[in-house]
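Listed next: structures, encoded as C-alpha cells.
You will see two complexes here that share chain A, one where it goes with chain B and one where it goes with chain C.
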Partner chain A sequence: MKQKYERPTIRKMNTGLMNKFGTRTDFDPVETIDGVQVKSLVAEYGSPVFVLSEKQIRRNYQAAVRSFKTRYPKVQFAWSYKTNYLNAVCRVFHQEGSWAEVVSGFEYHKALGNGVAGNQIIFNGPDKKEADLTLAVENHSLIHIDHYDELYLLIDICKRINKTAKVAIRVNFDTGVYPIWDRFGFNYENGQAWAAINKIITAENLELVGLHCHIGTFMLSTAAYSVAATKLCDLAMRCKMELQNPVQYLDLGGGFPSTNTLKGAYLPGVDTVPSVEDFAEAITNTILNFGFAADELPLLILESGRVLIDDAGYLVGSVLANKRLSDGRRATILDFGINILFTSNWYDHKISVAKEAGQYTEETVLFGPLCMNIDVVRESITLPLLERGDQVVVHKVGAYNMTQWMQFINMRPAVVLIDMQGKSHQIRKPETLAYLEMMEEIPEYLK
Partner chain B sequence: MKLKANIATSENGFIFNPATGDSFTSNAIAAEILGYMKSGGSEEEIKKKILENYDVEPNQFERDWDDYMLQLKEANLLDL
Partner chain C sequence: MKKHLQYYLSSALNSYAVLFFSKNKILGALLFVVSMFEFNAGLTGLIGVMASLVLVTALNFNKEDIKTGLYTFNSLLLGIGFGTFFSFNFTFWLWLSAACLLCVVLSVNLLSLLGKYSLPTISIPFIITFWLVLIAANGYQGMGLVQKSSSLLFELNTGAPTNFAKLCGFFDNLKIPAYALLFFRSVSAVLFQNSVLAGLLISIGVFIHSRIGFSLLLVGFITACLVNHLTGTYPDGVSNYYLGANFMMVSCAIGGFFLIPSWRSYAWAVAVIPFAFLVLNGLSRLLAIYDLPVFSMPFCLITIGLLYFFMLRKNPGKLQLTIFQNYSPETNLYQFLNGQERLKDFQYFHLSLPFMGAWTVSQGYQGEITHKNDWQHALDFVLEDMDGKSYDLPGIKPEDYYCFNKPVLAAGDGIVQEVISHIDDNIIGQVNLEQNWGNTIVIKHAEHLYSKVSHLKKNSIKVSAGDKVKQDDIIGLCGNSGRSPEPHLHFQVQATPYIGSKTLAYPFAYYASGNNTVLKSFAIPTKGETIQKAEINAYLKHAFYFQPGYINVVTDDQANKETWEVFTDVFGFTYFYCRENQAIAYFVNNSNVFYFTRFYGDRKSILFLFYQAAYKINYSTHRVSDCYAVDSENFRPSLWLQDLLAPFIIFTKNTYSNYIKPDNDGLTIHVETKKQVFKHQTRISNAEIYLDSKGIIGMDFIYKNRTLKVKWETGLV
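Now for the complex of A and B:
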C-alpha cells in the first residue's frame, strides 16, 4: 500500500519583530524568467517589455480548479476577459477548459474569435448594446442581467426575434465588507432581486438558469464569500420551492486576491492573503450544507481574474537615470511608469534587479518616465545600487495592466509569452507611430 | 536544487534559516523531501522515492515538485 499523498508545502511563521523594509530575498537578482535570460528578452523585444509565463498561468488555473473540485462535484471557471484579454492568454485558459466571462460587446466578439462556444460565454456588465444582446440570445450565451432597463430591453429583443434567452441576474448584498458594490445588479436585502426573479419567471421568452454575484475585488475575507453563497443559495432554494424553477448554477464571480502587497499594508501579501483553498472551503461548505439534494446541487461557476494571472506576469524595464531629490532622498527614473503599470496605484509591487548586485543597498524612490508628478512606481524601496541601463523586474503584474494601460507620452511595449518549453513568443507587438495615427483623420483645410 | 547549507530542519517539519531568522513549518511530505535534499539526494533520486512511496501520478508530482521548489526559492532556502 502506498502512502496517501498531499502536495509538499511550507508556511512561514511570523516570529519576532516584523520588518517592513524587506528581507534579503528582495535583493536576490532575477536573471531569468522561466529559464529565459532577462537580458536576451530585452535584446529581442526591447525595454520595457511585459513577460508572461504560460507555465505559471496553467499552474494557477489547475491549482484553483483542484481546490474547488476536490470539495465540490460540479465546478466551472470562466476567464474574466477584462483581467487580461490578449488572445494568446485567453486561449491558454480556454485550452485548460475555462469558459469566457465578458462585459462588453468587443470582449464578447473576442471570446467568439477565440473559439469559445456561445453557450460557454457569460455576458456580464451594465453596458450591453442591443446588437450584442441580440447576438448573445441567438448564441444561447448566459446573459447576466444588471438592471431593469436591460431586463425589459431583453424581453423586447426576444419577442422580436422570437427566441428564448438564457439569463441570470446579478445580485448584490451586504456581506459584511464595505462599501457594498450595490451599483451592480439587484439588491438582495430590499427584495429587489426576488422581484426581478419573479419578473423573469413570468416573462415568456426568458429562462432563468442561474444566479450571479461579484462582491468585490482583492477580497481579504473568506467569510464574505460564505455570506454571499448563503444568500445566493437562499434565492436558489426559493426559486425551486416557490417558483418551481430550480436554477442550474450559482456564479460566485471573482475577487480572490493575488499575493501582491496592497499599498499601506504592513505585512507582504504572500503572508497575509487567504489562499484559493480557503475561499473554496468557505464557498463549497456553505453550498453543500445548505440543504440541496445531492443530485440537485447547482453547478458552481467562478470568474476569477487576478488570482489566476497576476503572478504569471512580469514587467522588465530599465533604469534611465539616478537622481538625488531636494530633501536628500535618492530617486531612480525608469523607462516605465503608471502609463503601463496601472496597478502601481494599488500595490507596492515587488521589484528585483536583473543581475547579481553588490551587498550594499539603498532606499530610493522609483519614478516613471512621464512628465507628471503622480508617475511614481514605488514611493520607497530598498534596492541594490542601480545604474543607468541596468534592468529591473517587476513581479506579479499579469492582471489588469495589459488592459488598463494607457498610451500617454510613451507607446505601449511588446508583450511576450514564454511557453511550456521555455521558448518566448511575442503576443503583442510594441506600438508604432503608424499604429497610433491609424485612427486619426486630418480635415481637408488643415492639410 | 540544493538546500542552503546552514538550514536547520527537524523531523516534525520545523525549518529554521539562521541567516535570516525566518522559520517555517512544513507538512510531512515536504519535511521528508527536505530530509532527502539535506542528505544530498539528487532530484531524480528524490522524485523516484516519492513516486514509489506515495499514491500520486508522476505528472501531478512533477507539477507539485516545481511548485515546492518555487516555495523554497521564495523562502530563500535554496542555494541558487
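Now for the complex of A and C:
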C-alpha cells in the first residue's frame, strides 16, 4: 500500500519542566461508531452528521435506573425533552419506561404525540401558556408551578373548566452551590415555598401531589443533592404532619454532569465528575434516613437529561482547510462550528480523527465554517496532521446540541441513529432551502 | 313461613342425599321416592327425619350444619330400619321416638367427637342405636316390639300383586345381564331394599349427582364380584342380604369422596375391596353370636380407619385428602386442581426478594460452583448491565462491581437470629475459605423457617441478633466477604437457625421476571434469570384493595341494581356479599394481587359477572392468564364425559386472561374468557373494567352480540 504523504512540520523546542509521561502522541482513530464505518456514514448522510448510539442511550438509562432502583424502592425517570427532543430519541427513553418532562407547549404536544399518557407528563418551566395549562389539566398531567402568577392562572383555569389539577411546586434553596438558582420556583429559606403550598392546599381545584426542585446543571457536588433532598423531605413531612396532605412524590430534577470536560477545568471530566452512583447514594440515603414510614416513602422522580445521552452522541465532520495563523499556530477549519455544536461554548470536546494518522502531532486551533470570529470549536488541541477531506469525530455531543443548534449561514445536518443491531437510521433529514423558506411569506408588492 | 318451609325441605332432602355423600336435590328426591316403595319403612323414615329436624332446630343447633343433613340422616336410616324390621303397633311408635332421640344424640356427639380428628361419623349412630334396639327387643319381650319374620321382609312378594308390585316384578326380571340386575339390587340395599327398579332409580340419581361417584360404585361392585368369583366366598353372589352395598360404598367413599379423585384414589378403591371382605366376614361372624346384622358397620369402620391412616402421613404427596368438602367428587377435584395452582398464598410464608432493583441469578439451585449437596437450594445474585457484565471497567476493586454496597433487605418479617459482620471484604479473585459464609444475617420468619443472606460488606450490617425486622427493611449492604471471589449476594432458606445449616427449597412469593414482562408467583428463580420486585400500580391497588365494610352499588343498563358489601368470615377470609340475591364471592387480596377464589349463589347476578371479570388482577399491571375451576355445580350434561375422565385427564377448561392499558387518569383492564377443549379455543366473553384515581367506575361485559354496561358507585349506603 502506498504510504500516506505527511507534509513536514517545524516545531518549537519546548524546554519546560520535564514530566515522566511526556507528550501523548498515540491518538486512537475512531473509525467506527457502534460498528458502522464513519466513512460510510458520511457517504450516506453527508458531512457533517450527528450520530446517536441507541445502545449507549439504553446502556446509560439502564445504568442510571440501576443506580437508583437498587437503592430506593420507588423510582421514576422522566426524560428531559429539552435535552434532545428528536422523537426517535424520546421514544427510546419511553420504551425504557421513562416519563416525559417538558417545559413548553410544543414539547408537551410532542410528548403526547410520542404516546406518553397524560398523567406521565411533567410540565415544568416558567412559561406555560394558558391553552397549554388547560390541556395539561384536562390530561391529568403533573404541573410544576413556577411562580404565583402561574398559580393564580391555574386556579382560574380549574374553576372555569371545573376540573382538578394535579400540581407540585418548584422549590429553590441554598444547597451550598452558587449561584443559587433562585429565579425558578419558590424559595425555601424565606418561607415562600411554604406559603405557596398553603395556597395550593386551600385552593379548591388543586391537588398537591409532589414537590420539585432542580438545583443546577452540571453539578459537580453530590453533597448539594443531599441538602436539596433534606429540604424537600422537610417540606414533604410538614405537608403530611401539618396539612394532612402527604405528597406522592419528590422530584429532584436533573443536573447530573456528563463526563465532558468543562472549559477551564484542570483535569479531564472522566476523572473528576461524580458518577450517577454517587448522586444516587447521596439522594436515596437522605430520603431513606429522613424518617418516612416504609409504606409512605414518596416516589422519587429524576429528570436527568445530559448524563443519559451526552456520550451517546457523536458529531462527524470534515476538514475544509488548513492554515497557519499570524502567530505561527496551526489552524484547521472544519465544516461544523458553534452553529451546530453549541456545547463547544462550554466544553473542551474530545475530538478524534476518523482514520489512522501518523504519530506527529501539532497544537491546533479548530475553527468552524462560519464567517464569524467566535466560531471556534477548540482553542487548542493536539491533533495529528489533517488534510482537506479528512473526517473527525467529536465525542459526547448528545445533549443540547440537537435542540440548541442554529441555522445560521449553514443548514442543520442530518441526525442518524444506530440501532441495537448496528443498522443506521436517519432520524432527522438535513435541512433544505425549501424547509428554510417554508415559513417565509413575501408581501405582494415585493413579488 | 316460606323460608321455614324451604329450610325444612332442603334439610330433609339433604338428609336423604347425604346417604351418597351428596347435597344434590334430585338425588335426594329420588331417594325419597325410592324409600316410599316400602311404604311403611319409607313413612317411618320420613317421620324419623322430620322429628329429628324439628328437634335439632328447636334446640338451636347450628342451622348451617343442620342443613347439610348430617345430624338427621342417621334418623332416616333408623326410621327405615324400624319400619322394615318391626310391625306397627303402639309400642313401635314409643320405641321409635326413643330410638330417634338416642340416634340424634349419638349423631351430634359423635360428629363433634370424631370431628376433632377431622373424621366423619357416617352411619355409626344409626348402627349403634339399632343394635341396641335389636338386642333389647330380643331380650325383653315385654317391650312389645314385634319383629317381622324374615320371609315377610320383602312383603311386596306376598299377597295379591298390585300394579306397582307388577312393575317392580317386571324390572326384577328384566332381560339384561344378571350382573347388572345384581348391581341395581345391591344399590337398593342402601335403603334396605332388594329391588332392581329401586336400584335403577337410585343409580340414575347418583349419576346425575356425580359421574365419578357412579363410576366408583361400579368399580367397587365389579371388584367385589371378581374377588367373590375367585374365592367363592358367597355362593349366592355379593348382594347376599344387605352386604353388597358395603363394598360399593367403601369404594365410593375412599375413591372419590374423602380423597381427591385420581388414579391413585381409584387404585385404593379397588385395593380396599378384599380388605372389606375380611372385615365384613369377621364382623358378621362375631355379631352372629348376638344375632345382629352387620349393616354398614364394615363400611364405616374401614372408611374411618383408612382416613385416619392417611391423615397420619407426614406428607400427603400425590394422594390428597379432601380438605374442604364440597359434597361432590367433581367439585372437590376441580377445586383442588384449580386451588393447587391458585391458592399457594395459603401454602407458603411470603418471602420477597432481598434486594431492590433488577438482579440476576448468577448461581441457582443445584449450582455448578458451590450450591451442592446440603447447600444445593441456594441463590447467588449479582447486578448485570446490558452487556451481561457485573462490573464497570476495570473491575479490579469490589467498588467496580455494580452490586457492591447495594442495600440488602429482609425477605420477610421476623427476628434476627444470628449476625456476623466483622469479616474483611476480599480482594477480587481471592476467597476466604476459613470464614466461608462471610458476613451473614440469619432471620427467623416462622418455626422451622429461616432465611440467610451472606457475603455482606464488612461492618455494614444494621441489625443485631434479637432485633425484629419487617419485610423489606434494609439490613445490610452487599459485599465481598467469605467464599466470594467477586461481590455477590447469597440467599438461602433453611429449617434450622445455624450459619451453615442445610438449605431448603422455598419459593419467593411474587417477583417480576423476563425484563419485567411477567409476574411470577411462588416460584424459584433459575440461573441467568433477571428478577425484580413487582412495582405496584397505585390505581390498581387502590381500586382493588377492598376492606371489610366496603359497600358499593352497581347498576346495569337494564336497571338492575345490586348492593355489595365486603365481609370477613370466621376463618378470616374476605368475601363480597350481594344484599339483593345473597350471592357470595370469596376473594384474596395481598400486596401483589387480587383474585377471586369461589362463588356461591345466583350465576345471573352482576356479582357473578364481576367475579368472572376480575378473576385475577396483578397490581403490577402484568398480564394475567388463569383458569377457572371447571364449574360442576350446575346441571351440565355436556361436561359428563369430562367428569368421568377428570380423575385421569382434564381436557376442557375455561381460561381467563387480561391486560391493562393506562388512560390519562386511570386505566382499563381488558378481560377475555375462552373455552378450551384440548387445543381448540373459542371465545366466550370479553369484559372491560374502568378505573380512575377514586377506584372502579364502571364495567362493560361483552357477550357474542350483547353489551351490558355496569356503573359502579361507592359510599352511598
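Points worth noting:
Everything that follows uses one rule, which is that the second predicted complex is superposed on the first by the 421 of 447 C-alpha atoms of A that agree within 3 Å, B and C clash if a C-alpha of one lies under 4 Å from a C-alpha of the other, contacts with A are read in each partner's own complex, and residues count from 1 in each chain.
Criterion: contacts are C-beta pairs under 8 Å (C-beta built on N, C-alpha and C of every residue); 3 or more make two chains touch, one makes a residue touch a chain.
As the structure is a prediction and not an experimental result, all values here were calculated from the model.
Once the two complexes are laid over each other on the shared chain, residue contacts for A:Tyr72 go to chain C alone; chain B is not touched. In the superposed model, A:Lys447 makes contact with neither chain B nor chain C. Within the superposed three-chain model, A:Leu288 lies in touch with chain C and out of touch with chain B [touch as defined at top].
Of the two partner chains placed by superposition, only chain C is touched by A:Asn139; chain B is not.
By the touch criterion defined above, A:Ala117 reaches chain C but does not reach chain B. Legend: residue contacts after superposition of the two complexes on their common chain; A:Ile10 is shown touching chain B, with no touch to chain C. In the superposed pair of complexes, A:Val270 makes contact with chain B only, with no contact to chain C.
Looking at the shared chain after the overlay, A:Arg59 reaches both chain B and chain C. Residues 55, 59, 62-63 of chain A lie at the contact with chain B in one complex and at the contact with chain C in the other. On the chain C side of its complex with chain A, the touching residues are 355-359, 383, 385-387, 402-403, 405-407, 470, 472-474, 532-533, 535, 538, 662-665. Per the touch definition, chain A reaches chain B in the complex via residues 2-13, 15-16, 23-25, 28, 55, 59, 62-63, 270. Residues 55, 58-59, 62-63, 65-66, 69-74, 117-120, 139-140, 248, 281, 288, 294 of chain A are the ones that touch chain C when the two sit in their complex. Across the interface of their complex, chain A is touched by residues 15, 19-30, 33, 52-56, 61, 63-68, 71-72, 74-76, 80 of chain B.
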